């Protein structure tokens, strides 16, 4: 009854969250593929998770096509995680339009390109999972942060439209609202505020859980935040 | 890092979802207590999950107090699931105000009574989990169904207020938006529409997952629906 | 094309917002009826708006029935504003269940009683308007304020259910999310923060505007807040 | 106390809604400027509303800059309505990425460009209004309609971020959720379903009302739909 997926592609693989997701999925038995704009830093993770790595600027259609063509050879992934985003922030009048456009394109349009290529492989099988990483900015537009809100709102709109169309065709589309900072080597948890940043391994466990849900009880949206986070 | 809870109280234990939750929690090693207005039908489930059963009309404060006093003897539960509700529906002008009030009281006010008694035991420990079962009516008021919407909206308001206040004190408050019908003996899944009703065992697995989340990455709200459900 | 209503009943008439609504509606040519639990303070407003006053505890069905029976003599109102609410707040464990129940009953259940009596008169005419006053607590459950959230969430659920059922029958159901404090004699606007509290007369103008909307473009929900209010 | 604006720029002026807004604003005494990609069809409206017309592809930064530079000569508008959008729809796999990108850019990024140029003129005055036209797709991603959802969700994120930052600086930012079809010469109201399409003149009255709100009681978001529209 539980879904069992075989292989996962993680796009935007350079982040700490992606690393945790890769580890959790690998440990659950999935074959892992990692894609990022530059993959020179993916080496250790690739080794640890026995993953293939791919260079891909997901905002370029031809690069996305090439990525999936390369994956096809070994069997297309039945799970794809879209985890890339770009943000710029500051007073509204100081926002650079070039950066704003990039925030929208990378955070949302590239997600569409990846999703369309992924679903093209999944639909003939009548199964597959497409996971999108959102943020608090997905549901609330913050001051001095319009570009990220635009990108993340758009990504949520994409996820909802896909779910309404594709869930009845067997594709599990899920959107994760990550509400809070994620801890990392550069951003350690303050000693006096234990667990006040999201542990990426913990987030990854919820991604994995959603993957394991049988289709009679699918989650489309789930929010995650540290216990002390204001919301 | 993963939370490990010891004992769970399930209020509104007569439903199929409650039975599945009881089984899943028992299998995960928790001691189970079952409460319902009438517990004569709880026998088989109690036996199966090695649970204590309690008669309790959760809309009556004295009965809730008595229930928790009885539980205190053996150690108060560190997990409480509020799973009771009452609904009446029909054309707006035909709704019986007595039934409408009952829908609000049972679906929401009783949830408050149970939650307050539960949290009273949890706060001194600095940990515990309070889970509320919502419905699509929690976020959308449907025609001819104002009473259920009123009850379920109110329960969601309770859950949010509790989470904002109590999460930073160690209490994990979660609200589940169950969007779709739940399959049961009386409501079997149509043969031509596989998995079109929620499997209560599948829902229970997500309840269990939320319980297992470490406090650095807690879910407050999660929705669950069958793959073919319109939303 | 614009709706023209003849007479308005305002329930919970003792508040500053109700007074402003009464004045705005009277000025627009409507006959006004004012209802409150105690109407001894309604004298000046009644005189100013040439209104009839009625004592009514809207949480009691018989009193609501009596109120509308009294109104029927002179012609039932084609606009009803439900503006009553009750709140209690404090740390979750210190909330008095009696007060919590009262918050839910007054803020939501009484709204149902009034709405049902009102709609009973409107439906045969195929027209009418039912306005509900909400708050930021209608859409966000704040810490230490579960009772108000429960009441206001429930009222919003009622308004939505009514709109979905009754709008196609000609009843305009609107819900106003008042997000911020309302200025009053006891709560004046700080001199150094101009317009930082909602002017009730300004709110009333939006209520009036919604009433004037033709049925081809009805608003169901509208939010109002001071320019400097955080949200 | 009521805001009085002097001049309004309407971007995306070719639509029926824009025409109605132009007429309503002109009738309220505002000077009107109309901008559209091609303005050859704007003649009659320009004449009727005594408006200046401008050709501008709002998705091009230089064209937006040029538009506002032209407007500066006669005095920058204190009201700007962003009313342009682009959509494409169809089965997810058949969506043309070029069209998808265009939908996002025109519906949202161009809105940013216009808003930034507009706010640059408004902020030094400490007042102004920026109105965005949304749709049901702004809050719900429909099947086979991901591109429009992406664009409209993004526009809503922009509007929220702007409101949170700029409202306390005197800029009224409002987002209108237009939920339903708008009647037009090409899309007349069915005789057997009176008022089942939004009358653009009625929508425009609500835009005008929002403009007239004093800053103590501003609306940020308002939804509008025909009485018989499902939601």
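Going in written order, the chains are labelled A, B, C and D, and every chain counts its residues from 1.
Here is the rule we use: contacts are C-beta pairs under 8 Å (C-beta built on N, C-alpha and C of every residue); 3 or more make two chains touch, one makes a residue touch a chain.
Computed from a predicted model, the values in this text were never measured in an experiment.
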Intersection of contact partners for chain B and chain C: none
Relative orientation of copies chain A and chain C, as a Cα rotation angle in degrees, nearest 5: 180
Centre distance in Å when chain B and chain D are each reduced to the mean of their C-alpha atoms: 44
Euclidean distance of C-alpha centroids - chain A vs chain B, Å: 31
In chain B, residues with contacts to at least two other chains: 163-164
Chain-level touch network, classified as line, ring, star, complete or other: ring
Sites on chain C touched by chain B in the complex: 61, 91-93, 95, 97, 100-101, 104-105, 108-109, 112-113, 115-116, 119-120, 123, 137, 140-146, 149-166
Residues of chain C that touch chain D when the two form their complex: 1, 163-164, 167-168, 170, 172, 183, 189, 195-199, 202-203, 205-206, 209, 212-228, 230-231
